[in-house]
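I have a structure here, written as structure tokens, and I will follow up with some questions on it.
For reference, chains read A, B, C, D and E in written order, and residue numbers begin at 1 within each chain.
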Amino acid sequence: MDRFALKTNRLNLYYGDFHALKNVDFQVHSNAITALIGPSGCGKSTLLRCFNRMNDLLEEVRIEGDIYVHDERLEDIDIINLRKKVGMVFQRPNPFPFTVYENMVYGLKVHGMGHRRGWREIVDRWLHTPALELSEEIKQRLCVARLLTVEPEIILLDEPCSALDPIATMRIEELMIELKERYTILIVTHNMQQAARVSDYTGFMLLGDLVEFGETSQIFTSPQDERTEGYITGRYG
Amino acid sequence: MSFRHWVILLPLIAALISCSAASNDKPGKKHTITIAGSTSVMPFTEKLAEHFMVDHKNFIVDVQGGGSTAGIQAVINNTVELGMSSRPLKNEEKRLNTITICYDGIAVVVHPDNPVGDLDLDRIRQIFSGRISNWRELGWVDRRIDAVSREEGSGTRGAFEDLVMKGNEIDDGTMVQDSNGSVKEVVATDPYAIGYISMGLVDKKVKPVAIAHVSPSIKTIKSGRYKLVRPFLYVTNGELDTKSRRFVDYVLSKEGQQILRNEGLVGFYD
Amino acid sequence: MDTKIATDRLRLSFGETEVLKTISIKVHKNTITGFMGPSGSGKSTLISVINRMIDFENNVRIEGDATIDGTSILDGSINPIELRRRVGTVFAVPIPLPRSIFENVAYGPRLKGTSDRTTLHHIVEDSLKKAFLWDEVKDRLGTSALKLSGGQQQRLCLARTLALKPEIILLDEPCSGLDPISTAKIEDALSELKSEYTIILVSNNTKQIARISDFSAFFYLGELIEYDTTEKVFTAPSETKTEDYIQGKFG
Amino acid sequence: MIDRTVLKEHLVKWVLVAFALSSLLFLFLIFIFILAEGLPLFLKVGLNKIIFGMKWAPTKGHFGIFPMIISSFLVTIGALIIGAPLGLSCAIYLSEYAGKRTRMLLKPAIELLAGIPSVVFGFLGVIYIVPLVRNYLGGSGFSLISTCLVLGVMILPTIISISFDALVSVPRTYREGSAAMGATKWQTIYKVIIPSAKSGILASFILGMGRAIGETMAVIMIAGNALKIPTGILDPLRTLTGNIALELAYATGDHRLGLFSTGVVLMVIIMILNYIANFGIKRKIAK
Amino acid sequence: MRINPRYINRLVRMGLNVQAYFTVGILIIIVAIIFFKGFPHTNFAFIFSFPEDMGREGGIFPSIVGTIQLALLSILLATPLGLGTAIFLTEYTKESLFTKFIRFGVESLAGIPSILYGLFGFIFFVIKLKMGWSLLAGVLTMTIMILPTIIRTSEEAIRAVPRQLRIVSYSLSASKWETIKKVVIPAAIPGILTGIMLSIGRAVGETAAIIFTMGSSLRLPLSLMDSGRTMAVHFYILAREGISMEKAYGTAVVLVLSILLINILAYYIMNKAIARYS
């Protein structure tokens, strides 16, 4: 498999007049966990959302530059196939207000895979509880599980633990490490300790710039840029 | 403006308005005459009042509708000086005084394009009781008759029931409108409609039907040949006061009667 | 050192969930005390007891006691409005009132009944200076506070609190959304202020606590795990939990 | 000083309580006075003879309003058949498809429809719809179908704005979640958003029904007001509201009581509809 | 055979588009008809002269005055009541049986059709309180009618004021009422004004309830006890009785124009408010 699952080339993004991403060159390695850190408003979520074109849902967004998914230009991929390939888990767990079962088969129905053998066996009878009655952690796990039913290659995680307590966070982190065997994972987090704990590569963003990108151990022990160092040593953020 | 200002201002404004209202209740030497009742009589009374007030600047005549019965009730309660009625008084109302101001014919009307121009009372009765329901039976096209009546309680309907229906019921499928004007509007727009309205309101928009070869007109009513006639009454509780008498005198004068005549009603000087 | 604020076996629950579990802590006068801990540790809830903002939550049950200068503040006879004049609060997100810079700072004094323009102006100037904001806004006191940048807004909120002339200032993660320069300015202001005020700083940025606070308290899941001088907590913590947290092993 | 603030706070609170109670008081007054006028006749004539009676001739002692109850429901359902699909489509378009600018133009335009007085609708109905029906479908034009058409348009704003609110209040995260799984927009709407907003949409239909059943002036101008239960869409009919408005001016004695009885029946129907819309359905949303 | 969801998507989008514009088309047609037919008969004299011959000739000045009196007086009464109720519901209580009762009252009032208000106003104000057909009876009936609108819009506006603003105010030692007065209401004013505008629109356009309480006398109401005829009632009578289609259209223009203006004003205020807080 190619080395980079996701890649951007001189990516610029504007919300109306606001320049949210500035000339970002960024790569995500296959079958690894890459983390994006930075203070709030630095553009890390925006960058993440470029990869499955979630920004299309917003109005007045203008994007310049290139994005590649497995060396294929993003524009050339049909949006529905793209989103099937690049799954996303959000900051707040967002199960649909149906039963767990219906949540799980949603992706299959949407992609017309309802006749695929075996999915009935995947979901058992206990799944008929309303998803909104679950705990936050289980909801988030459900969202991950729901995503896996459509068999994505890349998973985007947008601050997946910010609504969870430390213990649940730890369990989700374990889940991530387990998943990286089969999937490429890109995670946005405001919690740099989390990035240090789980990721293989880390990018640091500030005010729309990708300030520094490298192996996690290197970023956290010997950052090249003094802005990175300032952030990591907690001088701000 | 802050909320507190509102709270203070509101009662003030309300007070101001009611003050000005109170002072308006006794406007100089102006006399107010309030008249209410039959919507059939109302337009003519309004007309009379308009003319009356031109010559009598210190009078205000306030004319309200409400219907014959409401007008009579209002007279009994002394809330108005004069009531208007387009039907004779009922037994329990007999202690009131009545003044007949004129007579009104009830015209049966159809759309101007309708070739049917002459019906007898029996036919009309059959139309409104639903026994004749197609214009073909009256020698015109094969089309349902859209009969239009007035609502229960109306003076015109009461008179029509007495003079035409004679104990037969008006069919439930008949359309109902709540004023002479709206009956006329329906007949004027629907070529297949038939209705009855106060003769005074007949104009080019509708065609009055002759009843047993007698067309409704002031002449035929005067001569007694046109039978669908009812009196228009003013009703008072006891004797008239002076200001109301001025108005009633005007109505009964030659000038007032001429106004009614111009409106197609039958007065006393014809 | 004098104790300014103290809690005695304070327990607090929202409905079924216990948020504070038997907390006893003494905060010293004219110091900066840092409260740290991962989210859900109860540190913000604790300060909302001290300024009685907890009153606006539903379904709260409190046991134990909290005192300021030895007087209970949970007592029914305490007027929370009076209390909040003595205990100022700065919140995580700067929330200026939708009016001018001047009126934002003058809001508290006006409530106390100060309406004289010169007096107010003195208070506003003094407070803005203490918050290191005066030089940036002195020419445009009449413009809307919403026009200020995030960092300026947060300093305005600090100035607004100072205008009340409180004894205690509570800061609930005041720098979480700010850039390095604004953060530094606020930290400078706080260091200046501690001679006159008792300050509690809630933050999940352990480095910030290490930099500016005199005492540090570490909370975890509603419990006070460790409380000592900042130096002691950061160099030789007595609990492994504290050590793990400071080193970023969880949270 | 402190005591004064405390006192003031209490005073303000009690004044506000009194204000808040005024709505209940008004509701109570309306109930009492309509019931006080309407109930005696139920006792005198009998509930059955009024509600299931086929003949309305109050001056002759017949107070049956069954045809009007049926007619009221017919026009309401007819209006819903016309207004509901159109209204829901508009709401979906506005909340999901329309761009910001289009929405800024369309939303107030549709709300303006709600502001146009019902007499204007009635008038235009008489001038344009009634002749249209008469010329192309037959009958006098004053008919069930004309009434339904006009009422269908009149309830559009109610249906659109309430469904719209229900649709936009579906959390953005659901849309994102669905989109992120590769669903098309319509799949997202059809499979996630509409089911999530279901109760709000139903409430909009029921409130639209309430508006249709309560409409008076436009209806008496168009419906023809005949007393029979219509046997076809081209027949004239009289609704409960129409009955009151047509005859109130002239009515006295038992006749007037009969109209208030009509009012009581109308009020009960409306109350049931409101109850379903507000307390049956909205509670589900809250969950 | 599975149809590609993308084609369905496109098809649906087109269908919805058509329906939305159809709906707006209805509005445009209605307004256009009124204006084309009515403008030739609407002029300065029409607005400022008295009607003659029951409205067949002359203008509609008394109706305009009557409409303004009715709308303003009912707003004046309903606003403090409604705003007070909204403040009570949002700021002074938690959800309880009591607030449920009040909300039930408000919702029920909102759902009652205008003809029932007419019946009530007629029996209570006109007959029982012996006000007769009068401006006063009309105003009181209208006040009750628009109360729910004012309560609901004010409540929404007050709820939309961010909770943090209140928290900040409390933290600066403001009492509840001070917070409401100085922070909440100023922030909610645009929403409250929108509610008032909508209520004015309702009062201006109402017919059924007014005709049985305020009556239909064509003269200028000079006191609260005078009967009067609002524009909507005048229009109704002119159109329904076929008195004069020209005058009816002319009245409709003034009526619809004033309602358009009121609504546009309300919308403008609302947008200003949104712009201010986002």
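Quick note on the criterion: a residue touches a chain if its C-beta (ideal position, glycine included) is under 8 Å from a C-beta of that chain, and two chains touch if they have at least 3 such contacts.
What you see is a predicted model; the values in this text were computed from it and never measured.
Taking the mean of C-alpha positions as each chain's centre, the chain lying farthest from the centre of chain C is B.
Central chain by Cα centroid: E, whose mean Cα position is closest to the mean of all protein Cα atoms.
Centres computed as Cα averages put chain A at a distance of 49 Å from chain E. Each chain gets one centre point, the mean of its Cα atoms, and the points for chain B and chain C are 80 Å apart. One inter-chain figure worth recording: chain B and chain E are separated by 33 Å, centre to centre, where each centre is the mean of the chain's CA atoms. Among the residues of chain E, those in touch with two or more other chains are 5-6, 80, 175, 240. Under the contact definition stated at the top, the residues of chain A that touch 2 or more other chains are 80, 110. Chain C has residues 81-82 in contact with two or more other chains. By the touch criterion given at the top, residues 5, 8-9, 12-13, 15-17, 19-24, 26-27, 29-30, 33-34, 37, 86-87, 89-90, 92-94, 97-98, 106, 108-113, 115-124, 126, 128, 153, 156, 160, 183-187, 207, 210-211, 213-217, 221, 241, 244-245, 248-249, 259-260, 263, 266-267, 270-271, 273-274, 277-279 of chain D touch chain E in their complex. Every residue of chain B that touches chain E in the complex is listed here, in rising order: 2-4, 6-7, 10, 13-14, 17-18, 20-22, 24-25, 27, 43, 46-47, 50, 60, 62-66, 79, 179-182, 184-185, 188, 205.
Against chain D, in their complex, chain B makes its touches with residues 39, 65-70, 73, 144, 146, 151-155, 169, 172-178, 185-186, 189-190, 192-193.
Here chain D touches chain B in the complex through residues 55-59, 67, 126, 130-131, 134, 139-142, 220, 224-228, 235-236, 238, 245-247, 249-252, 255, going by the rule given at the top. Note for the complex: chain E touches chain D at residues 5-6, 8-9, 12-13, 15-17, 19-20, 22-24, 26-28, 30, 33-34, 80-81, 84-85, 87-89, 92, 101-102, 104-109, 111-120, 122-124, 128, 144, 147-148, 151, 175-177, 198, 201, 204-208, 212, 232, 235-236, 239-240, 248, 252, 255-256, 259-260, 262-264, 267.
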